[in-house]
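Read from first to last, the chains carry the letters A, B, C and D; within each, the first residue is number 1.
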Amino acid sequence: DRPLFDYLLRLGDDSLILGQRLGEWCGHAPSVEVDLSLANIALDLIGQATHFLNHAGAVEGRGRDGDALAFHRDVLDFRNCLLVEQPNGDFAQTMARQFLFSTWQKLLFERLTTSKDETIAAVAAKAVKEVAYHEELSAEWVIRLGDGTEESRRRMIDGLDWNWRFVPELFEMDVVAREMAERGIGADVTAFRADYDRKIRAVLEQAGLEAPKDQRPILGGRDGHHSEHLGHILCTLQFLPRTYPEATW
Amino acid sequence: PEKLAAFEARVAADEFIEPKDWMPEAYRRTLTRQISQHAHSEIVGMLPEGNWITRAPSLRRKAILLAKVQDEAGHGLYLYSAAETLGTSRQEMIEALHSGKAKYSTIFNYPTLTWADIGAIGWLVDGAAIMNQVPLQRTSYGPYARAMVRVCKEESFHQRQGYEICMTLANGTPEQKRMMQDALNRWWWPSLMMFGPPDADSPNTAQSMRWRIKRDTNDELRQKFVDITVPQADAIGLKVPDPDLKWNDEKGGYDFGEIDWEEFYAVVKGEGPVAKERMKARRDAWENNAWVREAAAAYAGKRAKREAA
Amino acid sequence: PEKLAAFEARVAADEFIEPKDWMPEAYRRTLTRQISQHAHSEIVGMLPEGNWITRAPSLRRKAILLAKVQDEAGHGLYLYSAAETLGTSRQEMIEALHSGKAKYSTIFNYPTLTWADIGAIGWLVDGAAIMNQVPLQRTSYGPYARAMVRVCKEESFHQRQGYEICMTLANGTPEQKRMMQDALNRWWWPSLMMFGPPDADSPNTAQSMRWRIKRDTNDELRQKFVDITVPQADAIGLKVPDPDLKWNDEKGGYDFGEIDWEEFYAVVKGEGPVAKERMKARRDAWENNAWVREAAAAYAGKRAKREAA
Amino acid sequence: DRPLFDYLLRLGDDSLILGQRLGEWCGHAPSVEVDLSLANIALDLIGQATHFLNHAGAVEGRGRDGDALAFHRDVLDFRNCLLVEQPNGDFAQTMARQFLFSTWQKLLFERLTTSKDETIAAVAAKAVKEVAYHEELSAEWVIRLGDGTEESRRRMIDGLDWNWRFVPELFEMDVVAREMAERGIGADVTAFRADYDRKIRAVLEQAGLEAPKDQRPILGGRDGHHSEHLGHILCTLQFLPRTYPEATW
């Protein structure tokens, strides 16, 4: 079932790559409390990735598990959206990325709880609570930084601006996404675009910020055409399993 | 003097001293130093492990490591809180760390070179930490003792996970075995140093033991650690890098070689192999993100004002 | 008007105009824009390749790539110098780039995803650049023409090296072939866009050709590029990603599909896939290192003073 | 000939790792001229590394060439000194590192031109001219930044301070180094320690800077005990050959 495999890679890779990015913060956050929450979110995401990628491997039926998929594919085979691979930048940029992504992921997972694929439904049911927390935490930071000092406001504006270009990709419905939605396995993301926009604008309003200007969408992640960042992420992520292909850990 | 006598009697009776109770200044000072040093160690200790979060070799190991550093951040938080009950703010403690006035465990001034080091840290460093901390669950200062109860439970979990990594590598491919043995070679002596200078050079021990801030001497704890750890190394086929190590039937424990105290004191002085890196990482995290803390404060202020209006 | 006539006569006679010669303001302006844009392209063009220097797959490839970006920095330098002879300082040109006023080749707004992209850039991007630049060796402005002679020689060397990478990958493992075909798929259309808008939408072409700043039209050069490149792709078993591509016996060249001009104009406007990344990299390099340039100036000043004293 | 193999790895790895570090600057330098010189130095170093590592492979006689050695060893088998793996930091830190290293490398290569190993002698003879330029260029920057503005002076002090800890390792004579010196293949580095110190102090004096305080030496690189930086360097350096072990490029 190639489309289902692909769809699961998208779900798994989104969580994996964002979890990896958040892991980069470890020990370098603005406060111990923030360090703790970032590790916490990363942990949730790595957990989701593990479930989705293990399931992808099972669906593929070629003996690959989540680890094989996480550590032994190169960029062209990664299916995450471009948003999650964007650099951490400063804390505002990280929170802007998290907010734009988690708001979307929550709406998605809410729908996936009724997926006809039982594993997807079960993972989504558990993950939706985690993601609700990610959304809340990041929205709070968007508001706090947007409505904090001059400097934090400027940084939040830049952070949103950096990531805004990658939002349209989240709502793309290509062949795989359409087939999955039709089969009742995936969700039609366009159905919650308006909800998403409403949530985003509401938080931006509370933060006293305007939405960045729209531009030509940047697409490609779902087909393996990524930004230049993913290749560097994979160098680090995959080093050990690539270097010691015979070993188990 | 009356107060002091009452205080000493309570301590001697193994009662807990609580934040509002009267206590001698030296007790407050010593405890503040000890607890904040412990808190700093938790926070600085995230760095050597954080160095491998992005490179953990499987999804499971990555999740376990993330959970571990999250626990460490949590320990840092309760310990800072416990120290704050003694009247020093977290801000002050952090500034003391960054200025080099406050210390943290010497062990975190050594680099994590390979994944095996993550195993070694869990096994040896958390193992040594537990050895130090278990008695502190009965320390005389209530908030500290209660923090230690929680910390110890989690640390022993970490220690088992660390040992499991070591076991896996020691039973793995030749490269993994080599990596693991090399990690033990590098971490062994620094772990023994974690118990502090020899009793003969530790003038404050007597006072601290009388105050129940410490319940065993450095050398006692060190001996206990060696006695427990050596068989664990043997069990997985690793060799402790000490040619003088030998079971001593008479004392019912191991004799072991001389620790390089010169290295220890150099590391205490801030000359450890990655001391500069650790302090830079912590200072950068603090200073480069000052704007975040300022923004949070400004926002809280605005909000309070709005709510008041 | 007399001067203008003399100028036009000299240009028509294929003589070189030199910095101190009189020239029409529009000629100076157009040339400054063109040369500085070319210089900026060399500098921004270091970024997509720089992205792979640290990951080049062999020592030989790393050395070749380092030599290539070094050449590009060199080209940037002569071109800035050539432009400076027209009366605009390098500082001004760089500021115009950073403010978004000055442009650089649209091609550098696409990311380098795999090592195959380094081959594709050498083969296609340098190939297209040469196509554009060879005629400029006979451009009417002396310093520009002379810079082009050197640039062209080095570019054609780069182009051959790029093609060699492509050939190696196209003859390599299945993964390498796939990588290479994917790179061609992604770089093909942006390469065709490098020749600029269709002649019908390029109103300045006639003037530029009369001034010998340009010696062929955009569409002529594009056709030439397609005709040369398609057989090169065939030779190494790669498929040009254009279903409408077909040899046309009558015109003695290939017919090819419609270019997505909407994409082209969006990229020109600064909305290319990595345009923001490129400009950030250049601005950061310039602004975060301003202190170095200031220090060099301060030191030179002190030194001059000391020598005068 | 294990000691010779090891010695060649030291020579090759020093150049390789520093060349790799300088390559990170590409496109991000303070000026086009500097970008050009950094690429130029990196190119020289990669060339030296290629010669030394190819020769190491030949000496080892197990069919490994320079590429195999560069791309298929993990940290514990790298033999470079700790200085060359230090982070670029800002431009002052990069130049401080270069100056401390190139000054040493030039003195070393001068001696190696008379090595009894003909390949070493030949490579050193060519490289010594390259390195003379590296030394000159970096010394000029140390002076220019040390005697430039307040800011550049502060940054150069910090840059020297960061790297100073790793100088003693350059002058360590362990078993391998001693054997190589005795056999007339390697050089006795302690023999030019005084020259080195004199050169360094002369430049620092011209820059109006004091030498940083000495501290307990940090050693280990020659035995594979590196700083935490090398592992990250190798992730990037080795990604492609590790990921596609069957491929040639």
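Convention: a residue touches a chain if its C-beta (ideal position, glycine included) is under 8 Å from a C-beta of that chain, and two chains touch if they have at least 3 such contacts.
Computed from a predicted structure; not experimentally measured.
Engineer: Would you mind telling me which chain pair, C-D or B-D, is linked by more contacting C-beta pairs?
Structural biologist: If we tally the C-beta pairs in contact for C-D and B-D, the bigger total goes to C-D.
Engineer: Nearest whole angstrom, what separates the Cα centre of chain B from the Cα centre of chain C?
Structural biologist: Computed from C-alpha means, the inter-chain centre distance equals 57 Å.
Engineer: Between chain B and chain D, what is the separation of their C-alpha centroids in Å?
Structural biologist: Their C-alpha centroids are separated by 36 Å.
Engineer: What whole-number Å value describes the gap between the mean CA coordinates of chain A and chain D?
Structural biologist: 40
Engineer: Touching at least two other chains at once: which residues of chain B meet that condition?
Structural biologist: Each of 55, 175 in chain B touches at least two other chains.
Engineer: Where in chain A do residues touch two or more of the other chains?
Structural biologist: 74, 231, 235-236, 239, in rising order.
Engineer: In graph terms, nodes being chains and edges touches, is this line, ring, star, complete or other?
Structural biologist: Graph shape, chains as nodes and touching pairs as edges: none of the named types, so other.
Engineer: Looking at the whole structure, which two-chain pairs count as touching?
Structural biologist: Those chain pairs satisfying the definition are A-B, A-C, A-D, B-D, C-D.
Engineer: Quick one: in the complex, what on chain D touches chain A?
Structural biologist: Answer in residue numbers: 74, 231-232, 234-236, 238-239, 242-243.
Engineer: Show me the residue ranges of chain B that touch chain D in the complex, using the header's touch definition.
Structural biologist: Residues in contact with chain D: 48, 51, 55, 111-114, 175, 178-179, 182, 186, 263, 266, 271, 273-274, 276-277.
Engineer: In the complex of these two chains, what residues of chain D are touching chain C?
Structural biologist: Result: residues 16, 19-20, 23-24, 26-36, 39-40, 42-43, 46-47, 49-50, 53, 66-67, 70-71, 90-92, 143-145, 147-149, 151-152, 155, 236-237, 239-241, 244, 246-249 of chain D touch chain C.
Engineer: Taking the complex as given, what residues does chain B use to touch chain A?
Structural biologist: 43, 46-47, 49-50, 53-63, 66-67, 69-70, 73-74, 76-77, 80, 115, 165, 168-169, 172-173, 175-176, 281-282, 284-285, 288-289, 291-296, 298-299, 302
Engineer: Can you name the residues of chain A that touch chain C in the complex?
Structural biologist: 74-76, 162, 165, 215-216, 218, 220, 225-228, 230-231, 235
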